[in-house]
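Take a look at the structures listed below.
Heads up, the next two complexes both have subunit A, just with different partners, subunit B and then subunit C.
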Partner chain A sequence: MFRDKAPWWAYVVIFLTSLGAVAPLAWLFLLSLDPNQGIASGSGVYSLKNYASVLFESMMAQYFINTTVVALFTVFCTLTCATLGAYAASRYRFRGRETIMIVLLLASMTPVIAVLVPLYAMAAKLQLLNTYSILVIVFTAWQLPGTLWLIRSFMNSIPPELEEAALVDGCSRAGAFFRIVLPQLAPGLVAAGLIVFVYVWNEFIIAVSLAAQQDMRLVSVGLYFYLSDFGVEWGKIAAGAIISVIPPAMLFLFLQRQLIHGLSAGAVK
Partner chain B sequence: MNTIVSRASPYLLLTPAALIIFAITLYPIVNLFWIAFHGTNYFQIGAFNGGANFLSLFNASGMRSFMATAIFVIASDILALSLAIFLALLLEAPLRSRGLLRTIVMVPWLVSQVVTALLWQAMLDSNFGPLAHLAQVMFGMSFAPLGDEVGAMASMVVANVWRSYPFALVLMLAALQSIPSEMYEAARIDGATRWQELRYISLPMAGQTALVVLILLTFEYLTLVTIPFIMTSGGPNEATYLLSLRVWREAFTNYHFGYSAATGVVVFCLNLVLALVYIRKFAIKGGADVQR
Partner chain C sequence: MATVEIRAVKKAYGATPVIHGVDVGIADGEFVVLVGPSGCGKSTLLRMIAGLEDISGGEIRIGDRVINNVPPKDRDIAMVFQNYALYPHMTVAENMGFSLKLHKAPKAEIDARVRAAAEILSLSHLLDRFPRQLSGGQRQRVAMGRAIVRDPQVFLFDEPLSNLDAKLRVQMRAEIKELHQRLRTTTVYVTHDQIEAMTMADKIVVMQDGIVEQIGAPLDLYDKPANQFVAGFIGSPSMNFIEGRVRLDGTPRFETADGIALPVSPPAGVADGQPAVYGVRPEHMQIDPDGVAATVLVTEPTGAEILVVTKIGEHEVNCLFRERLSFSPGETIRIAPQRHLVHLFDAQTGKAL
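Right after this comes the complex of A and B.
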């Protein structure tokens, strides 16, 4: 509609939209700097007291460690299983291939909330509640279907001729995979890994259901419990929220180019 | 021997993924249906009780949940999709520093649901929130949206759309940009107005994507728990007690696993219908863009 020329009011609308996107976060940042917390107009005093108290007087630091450990393990497990599966789905012809891919797609659309009760019962029976393992397993299962689809379409875009040449030259299938496919797959793996990492970092409802015990919480769960554990101290909650937003924002900032490259290369067949 | 191994190997390679997905998504769903049709006492699953658990949904409180979910999903869908289409049309225009503007508009997408909920809860707080302060100073009114039924629902929709519409915007923008410019040039030569371009080229061409976006958004909104969980806990007076939140609270607050599972079955079936429509219509052809 406005391909050739932007109307003057487009700038006004976009400006207001940008303001709507950024202003609440800017306000959250100001709130986190206010040691007297809770005065809307701002008291004019700024300090990092809230950050210090969140990091050193609560268990938030522990929660950052928990989240990082769980996220890294989840990324590793997801990428490993997804790459193996994607290799099979991309490089072999076999009976039931398309059916398997569609079942995977259906599985990826399962609502989390519907399976939480059975999962909780299962985890309780296996005595896995409040462990890193259960979170890693569940998150991996959750991210696998989408990641497998993504990596497969990425792998489909890598021409198989190079591998075939390597096989003719006496390379084993595994050797051809590690020496030829994997290096070309790297940008796709970075993009997929980033998506999985940010998913784990931001996930809440699974984590609060399966690992709510005080020392096992993830950052998002810790933020929520801050309200009940320490009372409604918005300044500190704001500081915690700002800290929790930084890692995914940084990752996106630094890996933006790989992400776009990886995703677009995967999407174009 | 060799052929057996090479025939089996694709299946072997798919085994780890299949096992995990089976154990964590498909098996629990079967289990969910099992629990839904049985009496429960905490974790103990008792005798088959027909559809008795489902009856817990068909009372005044259950109906409120259906209503609340319908209002929440429809309002969020309409708001998010129309914002996305409108802004995509504007961001397609040759604006100055368009790349930067596009990035800024996307920022809320990076914020987690937990932070979104806490942020808006703080912003809308009746005592110290900036909006309450503004209402007090400018109009001398008190402002406590989370305290009344309509206000709480509206606040939740706003917070939800704030975080989720950028995703729809990206997809709509991509769809608009993929329309070949020859179509517009041809229309221009035939004397089409801007409005006619929109009506007869942009919207029909991007319509398919809009439908995909609508389904994906509906998915997300139907099963959303985190935002009502933190912002309103379903209150006041159950006005924001969405079905998905009901599933969680029946299980983890009231320990009625049977009721929870029955509600879960309802949510699951609503989703399944959407999923089948989605897969049949779009995913089989161009499976790559199913990433949420």
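Right after this comes the complex of A and C.
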């Protein structure tokens, strides 16, 4: 393994890069503690007033619930569909298999803006505007290709002999999948699930277009509306932003091990 | 335990046939080895017995039952895979007990049978480990343990030793053979290694390009190969082949195009001047002052024996001597095949004459 001591300039580069990543967050945090309404008032007064106001005096709590519900359902639907699709794409040989995979990939490269208007029209026609369902459906569709590719590559790294051994041992095809393949896939599913979860958490354009009604907003949309609802309340926006970072950050923290294991699976035997 | 009958079995992937009608009968308790070069269809045949590949034609019976359309789980077989295919998320004990658990055996019975199998394979101290914590040889044993715990009708082995180093392979070979002698379970074993085949089998099935070339006991195949392919495949180092014609005028002999005469006892029905292939095993060559002149190219002493690569005229001929002989490259020696151990093959069909 590569264990040479890094040269001094590597530390400088890493320090500056980290600073670049952390500094805005730190600044955001300071701002959220400033009860006065300036971007850099530097008043030296710090309080949790902004947090209290965001959590208890606005709809932010509702937005959190909305986002969590939509994110969890999206993760569930995406992983279910992607896993089944990936299983077929990995284990069965059929005509046009690779073509389908490529077309899926191409589809996922379409910019959101290009499909936004038709999506809105369809959602309106189906009377699904401002519902959890439309967000879950659209997010799932949007995330499915990438997730399917990701899970298929995990699936490909699981030797088919494991399933065959299970078949001989007494499993049905489905039994072999659930008892043998799925447990091997777990780190991959965690990684894919996290990616989808964070996507939903950060998504803005689709959410603001299809569910902008006040009680249906997602966190990202809710934050945006602080700009208009209360004038520009930087302190509250900052507090809301900080709060909104917490759930995905916690998830990453708890699932770190599986995530790294999942994303590096197959790299080294 | 049961017999296995393979009758006119064919396999095709789409329009590409890979097995062209194979017949093999396997007696109850027999150890049969399917051997052949890679791509000969031996693994496919084994996987058809296991139910992991569809059977395109013919039928396979285990005992009295045609199992063509029986799913693998209901065939009462156990299989050991080349890469062992141990379930990574289960301990050794769970791996071995998995099939019993699926068949809803009582926990006490599973425990007892796992323990008994572990005892046989010296795995008792490893039952709580995970596969990744085991060495190659131990994994191999667990894979075998998983098979014997079930006490199935038939054991199937798919090149189980090819991932082991040479020394371990020899050791496991003996263990598998010993296990078979103890359990007497009908066994079908696939390998490309003819030494494994020779040392382990009651009966060898030699395959090439999806057909069976010859079926027989190991020494029968060695002594009486049915054709040139089997003659070349069985035995190590492999048989020397020299092309030429049989001459029956005067002393019967085999004559090459460059005029070298070799001793032969031609079987009845061979005509004078008939083109043929002369086959002689390296170990059947001997030093003989009246033999033909051969130039030494390379010598490879192994201690127990010495392999000498020589050139007789245009033909490269390997000789294996048990004596401690020493030759230098370029030296001319006189050698001769043992006449009664020479094989003749038809020049066109390769069939033994």
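A few comments on the model shown:
Here is the rule we go by: the second predicted complex is superposed on the first by the 244 of 269 C-alpha atoms of A that agree within 3 Å, B and C clash if a C-alpha of one lies under 4 Å from a C-alpha of the other, contacts with A are read in each partner's own complex, and residues count from 1 in each chain.
To be clear about the criterion, contacts are C-beta pairs under 8 Å (C-beta built on N, C-alpha and C of every residue); 3 or more make two chains touch, one makes a residue touch a chain.
Here the structure is a predicted model, which is why all the values come from computation and not from measurement.
In the superposed pair of complexes, A:Leu129 makes contact with neither subunit B nor subunit C.
In the superposed model, A:Val112 makes contact with subunit B only, not with subunit C. With both structures placed on the common chain, the touch criterion links A:Leu28 to subunit B but leaves subunit C unconnected. In the superposed model, A:Pro159 makes contact with subunit C only, not with subunit B. By the touch criterion defined above, A:Val168 reaches subunit C but does not reach subunit B. More subunit A residues lie in contact with B than with the other chain of the pair subunit B and subunit C. Touch criterion not met for A:Leu72: it reaches neither subunit B nor subunit C.
Looking at the shared chain after the overlay, A:Ile180 reaches subunit C, while subunit B stays out of its contact range.
In the superposition on chain A, the residues of subunit A contacted by subunit B and by subunit C do not overlap at all. Per the touch definition, subunit A reaches subunit C in the complex via residues 159, 161-162, 164-172, 175, 180, 183-184. Contact residues of subunit C toward subunit A in the complex are 50-52, 71-73, 75, 77-79, 81-83, 85-89, 98-99, 102-103, 146, 150, 156. For subunit B in complex with subunit A, the residues that touch the partner chain are 7, 9-11, 13-14, 16-18, 20-21, 23-29, 31-32, 35, 43, 87, 89-95, 101, 104-108, 110-115, 118-120, 122-123, 125, 127-130, 132-133, 162, 166, 181, 184, 194, 197-198, 202, 219, 222-223, 225-226, 229-230, 244, 247-248, 251-252, 257, 260-261, 264-265, 267-268, 271, 274-275, 278-279, 283-284, 287-292. On the subunit A side of its complex with subunit B, the touching residues are 1-7, 10-11, 13-14, 17-18, 20-22, 24-25, 27-28, 31, 38-41, 80-82, 84-85, 87-89, 92, 94, 97, 100-102, 104-122, 124, 137-138, 140-142, 144-146, 148-150, 153, 195, 201-202, 204-205, 209, 220, 223-224, 234, 237-238, 241, 244-245, 248-249, 252, 263, 266-267, 269.
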